[in-house]
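Written out below as structure tokens is the structure these notes cover.
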Amino acid sequence: MVIIMKNDATKADIEKVCEYVKKYNLTPNVVNGSERSIIGIIGDVSILEDKPVNTMQGVYDVVRISSPYKLVSRAAKPCNTVIKVKDLEIGGENFTIMAGPCAVESYDQMLETAKNIKKSGAKVLRGGAYKPRTSPYSFQGLEEEGLKILKKVGDETGLITITEIIDSSHIEKLSRYVDILQVGSRNMQNFELLKNIGKSKMPVLLKRGLSSTIEEWLNAAEYILKEGNPNVILCERGIRTFETYTRNTLDLNAVAAVKNLSHLPIIVDPSHGTGRRDLIGPMSRAATAVGADGVMIEVHPNPEMALSDGAQSLRPDEFDKVCKEIKKILLIMKEV
Amino acid sequence: MVIIMKNDATKADIEKVCEYVKKYNLTPNVVNGSERSIIGIIGDVSILEDKPVNTMQGVYDVVRISSPYKLVSRAAKPCNTVIKVKDLEIGGENFTIMAGPCAVESYDQMLETAKNIKKSGAKVLRGGAYKPRTSPYSFQGLEEEGLKILKKVGDETGLITITEIIDSSHIEKLSRYVDILQVGSRNMQNFELLKNIGKSKMPVLLKRGLSSTIEEWLNAAEYILKEGNPNVILCERGIRTFETYTRNTLDLNAVAAVKNLSHLPIIVDPSHGTGRRDLIGPMSRAATAVGADGVMIEVHPNPEMALSDGAQSLRPDEFDKVCKEIKKILLIMKEV
Amino acid sequence: MVIIMKNDATKADIEKVCEYVKKYNLTPNVVNGSERSIIGIIGDVSILEDKPVNTMQGVYDVVRISSPYKLVSRAAKPCNTVIKVKDLEIGGENFTIMAGPCAVESYDQMLETAKNIKKSGAKVLRGGAYKPRTSPYSFQGLEEEGLKILKKVGDETGLITITEIIDSSHIEKLSRYVDILQVGSRNMQNFELLKNIGKSKMPVLLKRGLSSTIEEWLNAAEYILKEGNPNVILCERGIRTFETYTRNTLDLNAVAAVKNLSHLPIIVDPSHGTGRRDLIGPMSRAATAVGADGVMIEVHPNPEMALSDGAQSLRPDEFDKVCKEIKKILLIMKEV
Amino acid sequence: MVIIMKNDATKADIEKVCEYVKKYNLTPNVVNGSERSIIGIIGDVSILEDKPVNTMQGVYDVVRISSPYKLVSRAAKPCNTVIKVKDLEIGGENFTIMAGPCAVESYDQMLETAKNIKKSGAKVLRGGAYKPRTSPYSFQGLEEEGLKILKKVGDETGLITITEIIDSSHIEKLSRYVDILQVGSRNMQNFELLKNIGKSKMPVLLKRGLSSTIEEWLNAAEYILKEGNPNVILCERGIRTFETYTRNTLDLNAVAAVKNLSHLPIIVDPSHGTGRRDLIGPMSRAATAVGADGVMIEVHPNPEMALSDGAQSLRPDEFDKVCKEIKKILLIMKEV
């Protein structure tokens, strides 16, 4: 940690800061510049995280030079994490395709979707039972009825299942029905939910918040790991920018960055990331080429009749074409 | 609702859309343009909210021409809502000053703060007991111990109290200790929490999400009103933009806009909104001049020693100066 | 300047960096931390501005601890700059109201507007003759014909005139017709234009770029001052954010910040800043209360018939009401 | 065009709007809804582009349902544009690699770079002679001396050359030295420059503005085509978002979108787009997979000693590796 003093900081100001950090068993090193002084702090500076050093008399800025997250960092664990869900492995050498409708609507809809996506190579079936919707007047999901359908179809097809969790009190129930929990972007900083999932040990897919920095996202994952649950899959799903042509701006830069910063697997969701059916194919190819560990794509047997998100869902035949393209890119990725 | 067809939409496409909306007892009116056709829909179009009209064959876009929220809208209730909390009235002709530390740290800290802010004219004492923090390694609050301190100091000074709620399961407990619940920006779209608060009827201050549009924010408030709780106070606390000089960009445009769009009272938080102690005074004056119903300002007897948010907290004497300026502007506002 | 080394930087890396900065007569001070080393650099570090220190072997980051702009900074000139244009003084104790239509359309339109705004207290008449428009098919302005009208009306009413400049080659011509040049937000980083205006010594109003940070904006002003022209008025006109209800997000935080960072006067444009006629009044009051040195408001005798920007123009009677409110707030501002 | 009336619009308001549009030989079609009326307008509505219909009494909103750009749109020219520069073809079936240093520094630097990039498969050599820099104290380029070096190296190696233009007055001079002009992101809406380049017929690479929407970008290209110059190459180079880990957020969604919306070729610049050397490889692969017509990558023989942008420049051997990966992806792209 480096403490930068103001131009007009006095000797007394500097001494006061030094005394302050010494109380925490840290060693200050003062460098007196021509314009101002800086103080390098040596020792376990994490203890200062909550301390108001930046508002002490004469302090201009405090520069943190180590990342606030630890367990999720690549430095803490150099090799890629592989997460096992039943006989499926996510991360490492594997590329995992997750697919399914935005919301579970009926047994028939789910079974038809499941059979189709399995044929195309998907291993995980998605389907929302509890839907967080902007307006209270929008369809909120089939709730437990939806979970039952998801489980039944998962059992019948052998697909791994994933569904969104929207409240801490649902963990136990969801764990009886599905294999992977999904934390949506609106709940990425619902820290009580993260802590509770951390305690549960359930595999969890953590979507990036709509306007979360990469650092905030990794800190959110840290909440889960810190409670003892290492089974976190990250999911980039687009960020909010000024551009309105796409629903969100799918940020593939973040995927490449996360591969450097963390050992956790990262999946890309081009459906929410773009909000446009015509961009899902190109962005799926790009996600594969940038090095993602998988994709999650909305598929509906009849997007025009979907109860939600039809505009960003593929028909099974369109999805099949995208999967074929992904597989070709994957052949190349082995060599790069 | 207006449905805009693609340039190359066929007659059959148009007829199919017309048939579709008629099934919901709506009346389509086709206008055939030189380049394309548009279909005006008459009737209660809210039933189409979840329907995938926009993905039907030949449809270019669907333009919603009424707001999705109802109960919170100015149209639904032209006069300003005044929220009563004990003998305090928020909204309408009143301007309410809320103040206190980011986090409850000790009884002495709270009592000293409370006495000071009361002298300056504040009516509501804030203090966090459960703190949502970006990093799991940051101070997370005194929890129930903090609630007890807050209640004790509230009782002794006669100030109304407010604290942040971070999980649905805490509602009952918090309602025993404090007068107003606060939903933080990270939980603005935690819809389960909103629904549960809606059922509780507790007065609630709903902060705008970090990157929420005004419409999303009003929809979040709608979730609470829809469950039967009309006691919602909105709070603008800064949005995330590209600018890094300020912690957030306090958006006073939104305050003026909300006064037009909704009857709910709206409070401004210049502490989180700017993140800089030196901007709190000017932005508090501006918030008053723009027409806000109050401000919420972080005050700490010793900001340099605050356990969180010291950089954006005022000392009691600084706070007193800001209150005096606000009162002068308020005299003028009566006349505009 | 502080150079932060990587965790795995070697002694040789550190020495190489030290050697490098010594070549520029700077003194490095190495502080060896537990995890990594930092190097504080003493001397005139501006010489390193273009040097690729951040990409040298073992370097993690370089932290600049002085602002890159000098002449515009408050540190360089503690007292407020007052800019004289004929007998008008802008900045310091003065509050200047600028008004007029987006575009000069006709002599009658300009004369009627000028008489009205003068009566309400405006001192500066605006009107675009060369209009930068998003689409090449939109009205591009009356060009020199517009300048003639602006000059004639300025002469007849005694109002100071301002118009936008869009190309370096126009400086000489514009200086014959108007008193103040305006650099629009799209040209804020058209550095050739800035340099040429710097050489001209003409008073200039420099609008903030649509997505410029405060630092980039002050750097743009520095380009003008560096060439010898101190007559720069800054103008906040809204930034681009995710919010679509307002055309832009008028950023009053930046006004308060600039008053701290720079000695230059700063004006607020609530017309472009909000894009909505109904928000101009409240935001003008707020701009006054936050401490701006003036406002620039679009006024048109008949906004519904304006050739551009009608949606954000006030009628003369509406403008008069806003001016009266501003004056009341100004009375208070003398005391704060 | 659809005009949406307010809930409380009167019959007279509606009639007035109808009369207004009829004056321009357009046909209004009124649809009276339960809550409000809408008016569909038939005919050549482009004439209303500058008219203030949206501010007429009773008007709630005006919805434009055709794009404002014409010549650049895919609708105007379904097949891909191929731009010929000497014997090089850009766009269509071709993938073009452009590379070189941020700034021309010396003949030796350029020659070494040119030979290296040619070996790796690049066809276009970039190098700035006039550099737009945020601070006036940063290196501003070698100016004409730089142009001479660029031309000499281009001639000797047979590479096509490209350099940035920063002022209209430079067009003639630049056209004597280089093959392609580059308009930087800061000048994307410098409309005088665009018009003048339009008149020149020189091939031009038009970078997307830092915070320009796709529609604004295509409108900027329209300025050039409208003046008679069809030789426009678009270049995505990252947009400004809240994320600070990357310098900008390279927006590959925009590449996929532009391929749908326009017939112009589009190139991706991962150097400026990410600002990080370690992300250039992955994002170049992704750009290829998403369907871009080429990439532009900063290469410097010794990035650590570069006079600008060293942090985002590759060494020749790193660049060679990226080119090899691109070529592998290209083999696949032929099949998708």
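Labels for the chains are A, B, C and D, by order of writing; each one numbers its residues from 1.
Keep this in mind: a contact is a pair of C-beta atoms (placed from the backbone, for glycine too) under 8 Å apart; a residue touches a chain by one contact, two chains touch by 3 or more.
Because the structure is a prediction, the values reported are computed rather than measured.
**Student:** Which chain lies the greatest distance away from chain B when centres are computed from Cα atoms alone?
**Tutor:** Chain D.
**Student:** Look at the interfaces A-C and B-C and say which one is made up of more C-beta pairs in contact.
**Tutor:** The comparison resolves to B-C.
**Student:** What whole-Å value do you get for the distance between chain C and chain D if each is reduced to the mean of its CA atoms?
**Tutor:** So the centre of chain C lies 26 Å away from the centre of chain D.
**Student:** Taking the mean of the CA coordinates per chain, how far is chain B from chain C in Å?
**Tutor:** About 31 Å, centre to centre.
**Student:** Nearest whole angstrom, what separates the Cα centre of chain A from the Cα centre of chain C?
**Tutor:** One centre to the other, that is 39 Å.
**Student:** Where in chain B do residues touch two or more of the other chains?
**Tutor:** 211, 240-242, 244
**Student:** State the interface residues of chain A toward chain C in the complex, per the touch definition above.
**Tutor:** Listed in rising order, the residues of chain A that touch chain C are 2, 4, 7, 29, 31-36, 38, 40-44, 60-61, 63, 65-66, 75, 211, 240-242, 244.
**Student:** Given the complex with chain D, which residues does chain C contribute to the contact?
**Tutor:** 46, 49-50, 52, 54-57, 68-69, 132-139, 166-169, 186-187, 189-193, 210-211, 216, 219, 222-223, 226, 240, 277, 303-308, 310-311
**Student:** Quick one: in the complex, what on chain A touches chain D?
**Tutor:** Residue positions touching the partner: 211, 213-215, 239, 241-246, 249-257, 259-260, 273-274, 276, 278-279, 282-283, 285-291, 325, 328-329, 331-332, 335-336.
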